[in-house]
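One structure is given below, represented as structure tokens, and several questions about it will come after.
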Amino acid sequence: MKTALEIENLVKRFGGLVATDNLSFHIEQGQSVGLIGPNGAGKTTVFAQIMGEHLQTSGTIRLYGKDIGSDSTPERIRKGVSRTYQVPRPFTDMTVLENIRVGQMPNSIWQMIKSKPQYEKEVELALSVGFSKTDLHKPPGELSMGDLRKLEMARTIATGSSVMLLDEVFAGLTVAEIAQIGALIQQMHKDGMTFLIVSHDLKALEPLVDSVIAINYGAKIAEGNFNDVMDNDNVRSSYLGAA
Amino acid sequence: MQIIIQGLLLSGLYALIAMGFTLIFSVGRVLNLAYGAYLMIGGYVYFTFSQTLGVPKLAGLLLAAMVGCIVGLLKYRLLVKPLKGNHVAVEISTLILAVVIQAAVVFIYGDSSKILLPIIPGVVQVAGASVTYNLLAATIGSWVILIGLFWFVRKTHMGRAMQAVSMDTKGAAISGVDPDKINMVTWGISGALGATAGVFFASYTQLSPSMWVAPLIIAVAVVIVGGIGSIIGALIVAHIIGFMEVTAVALIAPELRGVFTMLLIITVLIIRPQGLFGREELQ
Amino acid sequence: MNLRWYHFALWALFILVMALIPELVSKGTLRIIIFANFLAIFAISWDVLSGRTGYISFGHPFLIGIGAYTSAILTKRFDVPIEYAIPAAVLMTMVGGIIVFLPALRIKGSYFALVTLAFMELIYQLVQVVRPDLTGGTRGMSGIETLTRGAVNGYYLSASLMVVVALSMWLLMRTQLGTALSAIGMNEESVRGSGLSTTRLKLFAFLTSAFVAGLGGAFYVHYLGSIAPRALFDINFLFTIIVAALIGGASTIIGPVIGAFFLTFLLEYLRPYLPGAERYFIYGMIALVLYMYEPKGLIQLFSNAWNSLFSRRESAGNQNSDQAGKQSDAL
């Protein structure tokens, strides 16, 4: 197996605050890993650094063995890693399909002008994340929270990434929607997608991941299979706020 | 010496001009492109009452401030609030409004510019430089108002609430501050400040239907260079700009007085977008 | 590109009407339409950048001015033939576009609008002071070589230019590029998050906008035969460009054309009733009320009217005709 994503000695300081504290981990290709920790543990900051939205203070980030630590966000996405956001950020005046189209576009002005939108692929993607045919031309304003997350997933998948970082994918969803998104992630995982998933909903997270990394105050406190990490004393106390 | 004194006087006036604009931009996060029109309204109201109808000068000044305040409140109610959140729409509609007000002024007062008589006539010699009482009064007036404003924002409950809204509207709302009310008050104060500044500005230059552009640019420059939410920053930058202009006029060429201001705006925006004294915007 | 038969029909009709106008109206009206044509070009230029990406430019007179001044100076002071002067002017304007673009790399929203405003005031003051022997200083220049003589020729030139610009921009914006630029206006971060380099997209939008502005500016000065800084770098001129684009309907290309004609004729038809400044007052008020009532512009009003007349489908109720078109494509 090949290593898809590799983080080594990652450090991020905001002034005096250490948001990421010498964090190292790696994810094999096709693996699905959960990233857990209490509120403010620095999970989203890790995502932001992997995507290049924040520049790390020190440390390296490698994707398929290549250092991506100084690339711009779009460059990293083109190399195969992308993320979703806790709060979905759709293009408000576009339909579901057009939103997906933006993710699917080539990153070259000339190609954008020359090539036609791949309409069938857009529809296929939209249907595969669970949209019904009647939703395809709706603007995001008419969608539910669950649909907005599906839309965000679909646009992220459309970029063609093979490593996906999902930030709180279950936040604000109904039980039925959680099941739907969960099934989608499992299916994609089976098809070979690599995942790093942040979620507070540990019960929903459990069936989706091969292993879990727990962090607190930006540092890794435990790593391993789900149940072992849950039983870890450091993890328990961090969630209870006693650390 | 002449330069220093002229610079100090002009800067005081500029600080006053910029203050109302800074307030709105800090609290409401919107650009009021019709801000220059407050100055124009203030100038013309004062002209009408004091110079044409013979109302006492101080009363004329107060009337101007009152009209400015009312215009500010109306603008918030009729334009800004219905377009809430949409900054682009506010900017564009205030720009249109500025042009409408300009047309209204032409309609009422005619196209030609008018000379506003000095508020206090006479000239005084300060350290070898001759200074008109008028400009001196404008500067002292500016300082009095600025200190009052500073005290208001720092020490009163309302002022603190304004600061809170400026930093985090949602947070302030959760803590029981009504952002709508604060915005109303801010627009009112801003209008009054603008109109007052307009009286001084008009007595320094002259009244004309296009007089709103120059002070708008000055206000914009002060806000950009000074940064959001910093009254002291605005004050310092008003002095930088004032001195730059006076120096340019005295030593290089009078026509170039605005060029350095523009270059300063552009440079600061490119190098330090949050302004020299502004805080970084929270994400 | 998703072209439908009615697109061809509407464009053909538009071109036909533009071609027939000189037969139908008086010379005086024709001169008014010439101004509407140029205003439409400027409004399209603004729309390509600001209407799409949401980076509001208050500096378009700056770009137009570069085009106009470059061509005027080259032909009048250096005797460069017009056919070289105009391309040089367009090139110069694109350089100017890049200069305006630099701040846009770092600043967003209101700050961008302000910096473009600063650029406009900067060039206004510089033009009057720096090398007045070239620029004509405060008084500007006159006696600039003109391309056409008479209203009819002037009309045909300006109308062809406008139609070519409108059609090519419309086609360009119907590609995926147009979608990507609109997406920047809605949420720039999400566009980056979709793997697209927004820097490159914005640069392209700026260059295209500057290209159109420079082209329009250069032809305009060779139509007028004179140029004056106060008329060009003027907030009222800026106001007219922006309002034309917005009142017509931003981000649509055809909207700005409609807006330009609407504003020009509004101003002209108010003239007999309100000869003085009150005309601008009414004109501004109408613009303001229209904008407050329907920020998406006249084209949206037309489209709503069209929908309520012809389309009874419930689902199409709050979609514009463009989306409805795609819908029928899909089914």
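Order of writing sets the labels: A, B and C. Residues in every chain begin at 1.
In this section, a residue touches a chain if its C-beta (ideal position, glycine included) is under 8 Å from a C-beta of that chain, and two chains touch if they have at least 3 such contacts.
The model shown is predicted, which means the values in this text are computed figures rather than measured ones.
*Asks:* Make each chain a node and each touching pair an edge, then name the shape: line, ring, star, complete, other.
*Replies:* Graph shape here is a line: each chain touches the next, no loop.
*Asks:* More C-beta contacts across A-C or across B-C?
*Replies:* Of A-C and B-C, it is B-C that has more C-beta pairs in contact.
*Asks:* Which chain is most remote from chain B in terms of Cα centres?
*Replies:* A
*Asks:* At what distance in angstrom does the C-alpha mean of chain B lie from that of chain A?
*Replies:* Each chain's C-alpha centroid was found; their separation is 47 Å.
*Asks:* Find the geometric centre of each of chain A and chain C from their Cα atoms only, then give the gap between the two centres in Å, rounded to an integer.
*Replies:* Comparing mean C-alpha positions, chain C is 41 Å from chain A.
*Asks:* Just give me the whole-number Å value for how far the CA centre of chain B lies from that of chain C.
*Replies:* 32
*Asks:* If you look only at chain A, which of its residues touch chain C in the complex?
*Replies:* 51, 72-75, 77-78, 82-83, 85, 89-95, 98, 101-103, 105, 107, 109, 112-117, 119, 123, 136-137, 155-156, 158-159, 161
*Asks:* Which part of chain C faces chain B closely enough to touch in the complex?
*Replies:* My answer: residues 54, 56, 58, 102-103, 106-107, 109-111, 113-115, 117-119, 121-122, 125-126, 128-129, 235-236, 239, 242-243, 246, 276-281, 283-285, 287-288, 291-292, 295.
*Asks:* Using the touch definition up top, name the residues of chain B that touch chain C in the complex.
*Replies:* 25, 29-31, 79, 82-83, 86-89, 91-93, 95-100, 102-104, 106-107, 111, 209, 213, 217, 220-221, 224, 253, 255-256, 258-259, 262-263, 265-266, 269-270, 273
*Asks:* Quick check: in the complex, which residue numbers of chain C touch chain A?
*Replies:* 1, 172, 175-177, 179-180, 182-183, 186-187, 189-198, 200-201, 204, 315, 319, 323, 326-327, 330
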